[in-house]
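So that you can tell them apart, the chains are marked A, B, C and D in the order they are listed, and the count of residues begins at 1 in each.
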Amino acid sequence: MRLTSDARGVFPIAPTPFRDDGSIDLESVDRLADFYVGCGATGVTVLGQLGEAPKLEHAEGVEVAVRTIRRAPSLPVVVGVSAPGFGAMRALTREVMDRGAAGVMIAPPNTLRTDDQVVGYYRQAVEAIGADVPFVIQDYPLTFSVQMTPAVIKRIATDNPSCWFLKHEDWPGLDKISTLKGWEKDGSMRKLPILIGNNALFLDFEVERGADGANTGYCFPDMLVDVVKLSKAGKRDEAHDLFDAHLPLIRYEQQPGPGLAVRKYVMMRRGIIAHDTLRKPGASLSSTARAEVDYLMARVARVDPRAKV
Amino acid sequence: MRLTSDARGVFPIAPTPFRDDGSIDLESVDRLADFYVGCGATGVTVLGQLGEAPKLEHAEGVEVAVRTIRRAPSLPVVVGVSAPGFGAMRALTREVMDRGAAGVMIAPPNTLRTDDQVVGYYRQAVEAIGADVPFVIQDYPLTFSVQMTPAVIKRIATDNPSCWFLKHEDWPGLDKISTLKGWEKDGSMRKLPILIGNNALFLDFEVERGADGANTGYCFPDMLVDVVKLSKAGKRDEAHDLFDAHLPLIRYEQQPGPGLAVRKYVMMRRGIIAHDTLRKPGASLSSTARAEVDYLMARVARVDPRAKV
Amino acid sequence: MRLTSDARGVFPIAPTPFRDDGSIDLESVDRLADFYVGCGATGVTVLGQLGEAPKLEHAEGVEVAVRTIRRAPSLPVVVGVSAPGFGAMRALTREVMDRGAAGVMIAPPNTLRTDDQVVGYYRQAVEAIGADVPFVIQDYPLTFSVQMTPAVIKRIATDNPSCWFLKHEDWPGLDKISTLKGWEKDGSMRKLPILIGNNALFLDFEVERGADGANTGYCFPDMLVDVVKLSKAGKRDEAHDLFDAHLPLIRYEQQPGPGLAVRKYVMMRRGIIAHDTLRKPGASLSSTARAEVDYLMARVARVDPRAKV
Amino acid sequence: MRLTSDARGVFPIAPTPFRDDGSIDLESVDRLADFYVGCGATGVTVLGQLGEAPKLEHAEGVEVAVRTIRRAPSLPVVVGVSAPGFGAMRALTREVMDRGAAGVMIAPPNTLRTDDQVVGYYRQAVEAIGADVPFVIQDYPLTFSVQMTPAVIKRIATDNPSCWFLKHEDWPGLDKISTLKGWEKDGSMRKLPILIGNNALFLDFEVERGADGANTGYCFPDMLVDVVKLSKAGKRDEAHDLFDAHLPLIRYEQQPGPGLAVRKYVMMRRGIIAHDTLRKPGASLSSTARAEVDYLMARVARVDPRAKV
């Protein structure tokens, strides 16, 4: 699968499941893939920041990607290839594209400051991975300390036809979506799909502002699918009702440190993965935190029966 | 009012009200003070980051502080005195303490990195303002890029008897509260009240973890008062029900850029201040954002009648 | 003195002299001013970062500026007015311009990232201080973490006719000078004088690249004057010979922490100021460091007799 | 070669030589190794930041390391293995240690802030690579934004017996050396060799303060060897005379961006490597810069005949 201008719906960010001993749990990789297909995801991203990619050795990363590609042939699989240098980025890209990946995701290194540096970085990255490889811009200033204005994103999209979509996780970010979608509409920028991230904390309004979907890892990807559908169908209140029921947990899971442990714990409770292990170094949840998550799930369950587990 | 080991309940962070021409709206300063007293606040902080303090000239800042002190004699008034140097910090502190302030709030400059630098900074600040002036530590890594471990906070509190309370807005921050309150309980640290900030995004669990209250500026300070009371009274579900009804708006207001405009807009709609003007440079809300806030308020109003305006 | 397109030669950054008790040593302020006039400086900057401005109260800062203005009526005096907010910046600017300052220097706050943020900041600053006040851009990424491309500097200069000159202390910065001076020459940018900073570490080549002079605080401003003159007169080898003799000490003084103490110690030994006191908090030199500086001065003195003291 | 408490003299940071087409120039790798042995280096570090390591693919990095190890069997070879995650770090370490490397160098990721985070990071790294692998701490705040106090370095050295030496490139850093060597002397810290970096900008005084040598990449490693020897032999003035003759070029090469191109250009002129190519993305020197370097070399050659080429 190559170069498509279309990305919409929900591309979950897949966690990497581990067994208790820290080895990769391939059965759970399969189960995750099945779950994504089953709940209506339109794609999936592996080896993202919250896929614990930096803890994997090269061969392990390739294995996770390939396993997902094979298990879910109907889903375009995006592979995170961000790296401190273009050597490793090129090597991983080449390998996963050869094995059937749909594209790659690239975050900017946190040393970039000026507009030209950001634009230049993506030009160099495309030169490294090849102009035929669809790539996703990850715009996440909170984590990467790199700020991209709408004008910079437009330059990247214009300069590089292989730019596939924007993983938008700026904060605040609502006006950025409005600006980009306005340019798309008035023809001053080409079509650039926007899938939102940031654990979906603003999904409700982001879709209303024109975002095409979500590309994030909240522990109820099925809820994300439903909210996007409801919102796109004009059922505003229903979308917000469902979203708001989850918001206390979304917020809890969005915490930078323990968030991933929350995500894995809930997905384990839901039976989607077998263990909630994080590979070392990675903190597990305290019993207090675990009880707080249980409490939040019980409250979600009053509205969304999927949280009854 | 001087040196007290007790701080509890809600100390709202007061916005500075302006008229449409950018001049200070002293009538609204009074109305705000009345509102805080009326809703059960136990203190108030003026000239914080979200009080637009850096846009005020020295004399204006003093005027806002003094006006509040006079209008609400029952409330301890904390004054933000953070400054790039100790000259301005000392001058403002001296002036407001002479006029009846209860204490001052000090945030660390964003160049501090090591534990010793942070501890040393507060020692120098106390030397500059005088050891008899109660001060509040503002621990807000997201904005100030300075990270204080619980051990560092303990050192500051131990070294400086004039350390009054901690404005806690670390993120994630739940375990930090548990650690500090654990030390307080087992006697390995002196009593250090914790009032939480970060627009109250985690108020629900923070109080359960042991926080003594809130020190933040959400546009419904009266709700914060109620949630703290409910939680302290053991009415957990009721506390969460009320909190969760506001969470979509809390989250919306917590956005770094437009958040303050949201806060002022809602407080204007509630009749607490006369205008939602931000002093330049300060962005006003787009009509889209305004409509989103209206929508959120209408949804809050289904549970909390105070949002019906 | 107002708005002039010309700035050349050496504008030393003046240290603020203190007595041993930390009070301002006005006699030394006078002596400094006399020294600058005597050695051929063409201007002087007070209240810069290394003028310990943040440690001064407002009135003290004004006093230092006014004293210098009165003592050296032949020298245009630039006053550092950088502040976290426009309130304080406007107040100080108004006061010193009324008393005869030639202009002000403004550094960008270290939160700025994108090109538009930097350009917008200077536009807002000009709006705050008044479009009739000549201002200097301080471009010092190492300290302020703000990166300005040549294109950004050009936009600031073009948008704001009151932009007087560039205090250039980017690192690396040689090509930036070449680019800006190239634009000046080919008419694509208006005349923008460049005075270099960064403790003159690259003065030798910066003048050869087209810089108009220096605006920095090395403890031998008279040497800076000579090097600029020699270089502008085409005496390349002589310029480098003199510069290189000082380079070991320049480098030593350029150290971020102890550098200012080195500068004051040497200026005290030279009899230009009476004490080498830094106002608290400010480290003094260890005896080891003092001995190292003595050794360096003795070595400089082999070439430059002014170092024999 | 394993775990030795001794490191002294000069471990040059080797550049990675490329041919004009960007492929690795293995003949020049050999020539470099021969040169290091010939000039009295006591070790060598490959795949450092300025070894363009991030631009190499895994296999290329291993090839460069192994080639150097085989060519210079008398020199302990340190391999830079810094990586955003422990997966890649472990894989590369295992591979090069199996092939005869003497140890690895680890820089902290630039997200670390608190003392505990830094100490914890090195503990985790040792867990990942194995406690039997000698490792070097790279303390370079200017590039990595991580500040380690002497107390933190002491904790790392104490916690991890496999900590081999400190690559010291803090700035300012003289007092840090004095503090650490003072602790070593009074027995409050175990022996921890210190080799200095930062392009040797302070080598002269750093050795006098107690540093055991240098671990940096200046284009005249042979000069570094001589200065260390002279200084250790008590020939202070001679050491400074030689050092000062090079300082204008040291300073020029120390520039963050073009510095590496300067280094390679000079080493090519000296005949140590065949090309001065940087792998993409990497800027080459402008003709102006090249002429400036030629001029500096000619000036060095007046004192040090090795610069006559």
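Simple rule for what comes next: contacts are C-beta pairs under 8 Å (C-beta built on N, C-alpha and C of every residue); 3 or more make two chains touch, one makes a residue touch a chain.
Model, not experiment: these values are computed from the prediction.
Enquirer: Counting C-beta pairs in contact, which comes out ahead: B-C or B-D?
Expert: Result of the comparison of B-D and B-C: B-C.
Enquirer: Interface overlap for subunit A and subunit D, more than half of numbers shared or less than half: same or different?
Expert: The interface is built from the same residue numbers on each side, given that over half of them are used by both copies.
Enquirer: Between subunit B and subunit D, what's the gap in Å when you average each chain's C-alpha atoms?
Expert: About 48 Å, centre to centre.
Enquirer: Rounded to the nearest whole Å, what is the centre-to-centre distance of subunit B and subunit C, using the mean of the C-alpha atoms as each centre?
Expert: Chain centroid spacing, subunit B to subunit C, equals 38 Å.
Enquirer: Check each residue of subunit D and list the ones that touch at least two other chains.
Expert: Where subunit D is concerned, no single residue meets two or more other chains.
Enquirer: So in the complex, the part of subunit A that touches subunit D is made up of which residues?
Expert: Checking each residue of subunit A against subunit D gives 53-58, 60-61, 83-88, 90-91, 110, 120, 124, 127, 280-281.
Enquirer: Can you list the residues on subunit A that touch subunit B in the complex?
Expert: 171-172, 174-175, 178, 201-202, 204-205, 208-209, 240, 244, 247-248, 251-252, 255-259, 286, 288-289, 292, 299
Enquirer: What residues on subunit B touch subunit D, complex-wise?
Expert: 113-117, 141, 146-149, 151-152
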